[in-house]
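Each of the next two complexes has chain A plus one other chain: chain B in the first, chain C in the second.
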Partner chain A sequence: MKELNVEALARVEGDGGITVTLDGKKVKNVTLDVHEGPRLIEQLVRGLTPADDLNVIPRICAICTLSHRYSAIRGLEKALGIVPPEKAQLTRELMMLGENVESNSLHTFLLALPDFLGYPSAVAMLNDYGDDVKRALRLKKFGNHVMAVTSGRIVHGENPILGGFGRYPSRKELEEIKLKAHELVPDAVRDVELFASLDYPKYSEADMVFMSVNAPKKQYGFAGESILISNGKEVNVEDYRKLTNERVVSHSFAKRSLYQDKTFTVGANARLVNMGKRLDGQAADLFKQHFDERWLKNPLMNNLAQAIEMLWSLEHIPDMVDTVASLDNPPIEKPTRQNGSGTGAVEAPRGTLYHHYDIKDGLIDAADIITPTAQNLDDIEKHMKLTAERMLAEDKDDEEVRLGLEMVARAYDPCISCATHLVTLKRV
Partner chain B sequence: MHKLRDAPGYSEEGLRLELERFTGKRKVYVLGLGNTDRADDGAGTIVAEALKKRFPRFSFSEQDGIEGVALDISERGEAAVVIFVDAADMGAAPGTIRVIPSNRIRDTEITTHRVAVALMRALLEKGGNTALVIGIQPTVIEFRGKLSDSVRDAIGTLTDILAEILARAD
Partner chain C sequence: MTRQSPKVGIYGFTGCAGDQLMILNCEDQLVDLFGATEIRSFVMAMSDNHEGELDVAFIEGSISTEEQLKRIKEIRERSKVLIAIGTCACHGGPQAMKLGEGRFEEMYKKVYGNAKISVSKAFEAQPVDAFVKVDMYIPGCPIDKGEFLGAVSKLVAGKSPYLYKFPVCTECRWKENPCILYQGKFCGGPLTRAGCGAVCPSHNLPCVGCWGPTDDLNVSSEYELLKEKGYKPEDIIQKIKKFGGAAVAKLVKDLESKKEANK
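Up next, the complex of A and B:
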């Protein structure tokens, strides 16, 4: 038996590895092992006030800090009977656009792209692709800026609170964001063209099921009250457990999810499969131009999906800024009850993120958080197994197989810290 | 003189002299890294935030979007010295402060919310700057853990040294 290892999966967030067990050319097993220790945050927040929960929960992850905060706010507001003012809702959407630009620029250019261009890292790309790397950093900087202006800080901002915002962005801050977003749109268009020009290996291709929120008003967006499934079904977010069906496996600290006993995909590709027709602007044109059958089978297409989505976010920011700036700052809405339950579902850059809360006498009685990476783990293993089988059938050497597997894992933009490095080949 | 632990010949004075040799009369920036939610891991951020009070144009932390700061510096053509400060597992005693050799900085490192130090360093050097990384050996990095006494001491020592360096360069 032989074991192919990627013991420390570089260029993903957190501590994980891949183990492939081989019997000759036959792949017996492929596992994505999550070594990142559990932090028991759901237990940590029991007994806290909802406001205190918001100080702890975003600490789950510094990449998706605002997605965690927003999902928690949505769940808690429902539980407490709070209806947020329109300006709060729109400012939250603006902060999510910023997080999307920040995270997608980091993942596509600095984490995924080196694999496609044959470099070991973004550092090695610098001499030949210096302008592209700088473009990615400019986009990330802008995303960070939008996050800081809306939430108060780049990481773990505390302005978004239950019932509104502690402080709304000023007109001057909003105007600066609008101008910069306009300026960066051509950069994002170039990014889409670059990712559309890449060769996406077919080894991982298989039928996929996609899930994402259904953004309201038939628009594209990052939050909603129901979940769209690519099989045509739609499920209320309060019934999220029927979709995620979490279970524990022995080789990983992260829980796993199956829908109707099948793996499923969440992330930018899922959002574009389910809501791509709702895009507008140049993002819509480029999506129509580049969307094809591959998107329904090949997880690597998530990289192009993230580039298109980042363009949409940039194009959407000026309109959102105008609307937010046109509204007066409303007072903070207060809870109307002290007992209740509620589920928030938002689209973090790497997929659907659920926060469910039960509130009893004004304190948190139970919390349940299901991250996108936890939902994707079984799907990643499925597509890695296919990749290993097909590459070995073509007599690819171990190094090529390792890279093929890492590319699949990285395509999902996994956040292992959230879900609780990388390939081991075992031969029997 | 504060003798740095487990680093024979590596004294506070030695570190000061090494940094003075690196910086000369050039402009100096300090970029502090690390997650303050994970105790000693946030050492670099704490150093930079302390220095920012006196040197707001020359000291930045994770809270400022560090790769954006590095990008801006790389495009200024100042031939500056950029000092990264971060918690680093050097296999040394807790609180040890060392300049980390460039060949020990991983290209593929990625932390929770920024690009690799190696990329920022390469970008800065491509722009004509000199970059170096100072590591502080952590001992406690648990989520919501408490800063260890040894790292707290090291933060104070390094902040004082870097304040002198920045004051000379300002």
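Up next, the complex of A and C:
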């Protein structure tokens, strides 16, 4: 029995590796190993006030900090009977657009692109692709700026709270964002063209099931009250457990998810498969131009999906800014009850993120957090196994197989510290 | 310039990767940073990593498995200077908020049940200095770009960095913010280390204590200030223990015993 290892999977958020177990030429097993330590966040927040919970849970992950905060806010506000003012809702949507630009530019350029072009890192690409890397850094910086203006700082901003915001962004701050967003649209278009021009290897192709939050009013967006499944079904977010079916597996502390006994995919590709027709602007034109049957089978297409989605987010920021700026600053809405339950679901850049809370006498009685990476793990392993089998059948050498597997894992934009239930996995 | 650029390693342990992300968030300085130092290992950002002798190791995250414990000891052995970055590495972070309460096994069971899981043994998260010597602390949740880059440029020049020791209140005064405590909001600022630019009070929100406790000499009077405002010692501990873990509990215990001795 032979093992092929990627000990430290580089260019992902968190600490993980890949192990392929081979029996002769036959691939017995492929696992995404996680060396991340356990934090037991859901247990730690029990007994805290909802406000304290909002300080702690964004720390699950720095890259999706605002998605965690927003998902928790949605669940907690439902539980506490808070109806957020319109301006709070829209400012939250604006912050999600910022996080989408920041995270998608970070992942596509700094984490994923070096593989496609044959470099160890984006910094190593500077000599040959300096303009592209600098363009990505400009977009990332802008995404961070939108996050800072709305949430208070670029990572773990505390400004979005239950019932509203500590301080709403000023008209001047909003105007600056609008101007800059207009200026960067051509950069984002060039990014889409670059990612559309890449060669996406076919080794990982297989039928896929996609899930994403259904944005309201038949628009594209990152939050909603039901989940769309690519088989045509729609499920209320309060029934999320029927979709995610978390279970403990013996070889990992990572809890796993299956839907109707099948793996499923969450992320930008899932959003575009389910809601791509709702896009508008240049993002819609480019989506129509580049969407084809590969998207339904090949997880690597998530890279192009993220580039198109980033353009949509950028194109939407000016309109969102105008609407937010036109509204007066409302007072913070207070809880209307001290007991209740609620589930929030948002689309983090890497997929659907659920926060469910039970509140008893004003304190957190139970918390259930299901991250996109936890939902994707089974799917990642399925597509990695196919990749290993097909590459070995073509007599690819170990190095090529390793790279092929890393590209599949990275395409999901995994956030390993995000998956709260993950812990060291060691194979014997 | 004949000085050799320092060999640097950037490592992540249990946490949110926010401090490593903040390094990547230095978009305007990233290229210079990689130029002024020789980054030998930074797994989050590059795939050609070389583990060997280091001048400086930056450590993010707390230590929470046997495997991590082995790794942090190994990094310490080959690093001249080891710097803890971020509140998790410095104080344990949120995952250490119940440190010392003896509830880890019970909480762990609630998450995983009795399932048999064949992995490296996990334990309650602790700060890096619970296991190895730490030469310098740059706290923050996440670290502040300015403080981090300032420290790196001093280190590159062979000088000692200047790090904030005073509480958030000082930064609030610099910003001429109205005091949140006087608005009847329970603010962690008096006991929390500065460096964030008093970001929460600047948004009309109480400081959540995410940089961990200040080591300001005047901390006992700040603690008394909170008590004068009517907050109970146990609530004060709860307020800032969310991020400070054992460090906060120890701080408050010291303060109480100092008071006893002065009686």
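Following the convention adopted for this analysis, the second predicted complex is superposed on the first by the 419 of 428 C-alpha atoms of A that agree within 3 Å, B and C clash if a C-alpha of one lies under 4 Å from a C-alpha of the other, contacts with A are read in each partner's own complex, and residues count from 1 in each chain.
Here is the rule we go by: contacts are C-beta pairs under 8 Å (C-beta built on N, C-alpha and C of every residue); 3 or more make two chains touch, one makes a residue touch a chain.
In this text the structure is predicted, and so the values were computed from the model without any measurement.
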item	value
Joint occupancy of chain A by chain B and chain C, clash or fit	clash
Partner contacting more residues of chain A (chain B vs chain C)	C
First (chain B), second (chain C), both or neither touched by A:P120	both
Partner chain(s) touched by A:L304 [first = chain B, second = chain C, both, neither]	neither
Partner chain(s) touched by A:R153 [first = chain B, second = chain C, both, neither]	both
Which of chain B and chain C A:L137 touches, first, second, both or neither	both
Contacts of A:L110 with chain B and chain C, given as first, second, both or neither	both
Chain B versus chain C as contact partner of A:H145, first or second or both or neither	first
Touching partner for A:A325 - first (chain B), second (chain C), both, neither	neither
Contacts of A:N55 with chain B and chain C, given as first, second, both or neither	second
Of the stretches 92-100, 218-226 or 254-262 belonging to chain C, the one that collides with chain B	92-100
Shared chain A surface residues [contacts with chain B and with chain C]	10-13, 39, 59, 61-63, 65, 106, 110, 120-124, 126, 137-138, 140-141, 144, 153-156, 417
Of chain B, residues touching chain A in the complex	35, 37, 62-65, 67-68, 70-71, 106-110, 112-116, 118-119, 122-123, 126, 143-144
In the complex with chain C, residue positions of chain A that touch it	8, 10-15, 35-44, 48, 52, 55-56, 59-63, 65, 106, 110, 114, 120-124, 126, 137-138, 140-141, 144, 152-159, 161, 165-167, 248, 250-253, 406, 417, 421, 423-426, 428
Interfacial residue positions of chain C with respect to chain A in the complex	12-19, 21-22, 24-25, 27-28, 30-31, 34, 43-49, 61-65, 67-68, 93-95, 97-98, 104, 107-108, 110-113, 115-120, 122, 125, 141-142, 196, 199-200, 202-205, 208, 210, 242
Complex contacts: residues of chain A adjacent to chain B	10-13, 39, 59, 61-63, 65, 106, 110-111, 120-124, 126, 130, 133-134, 137-138, 140-141, 144-145, 148, 153-156, 417
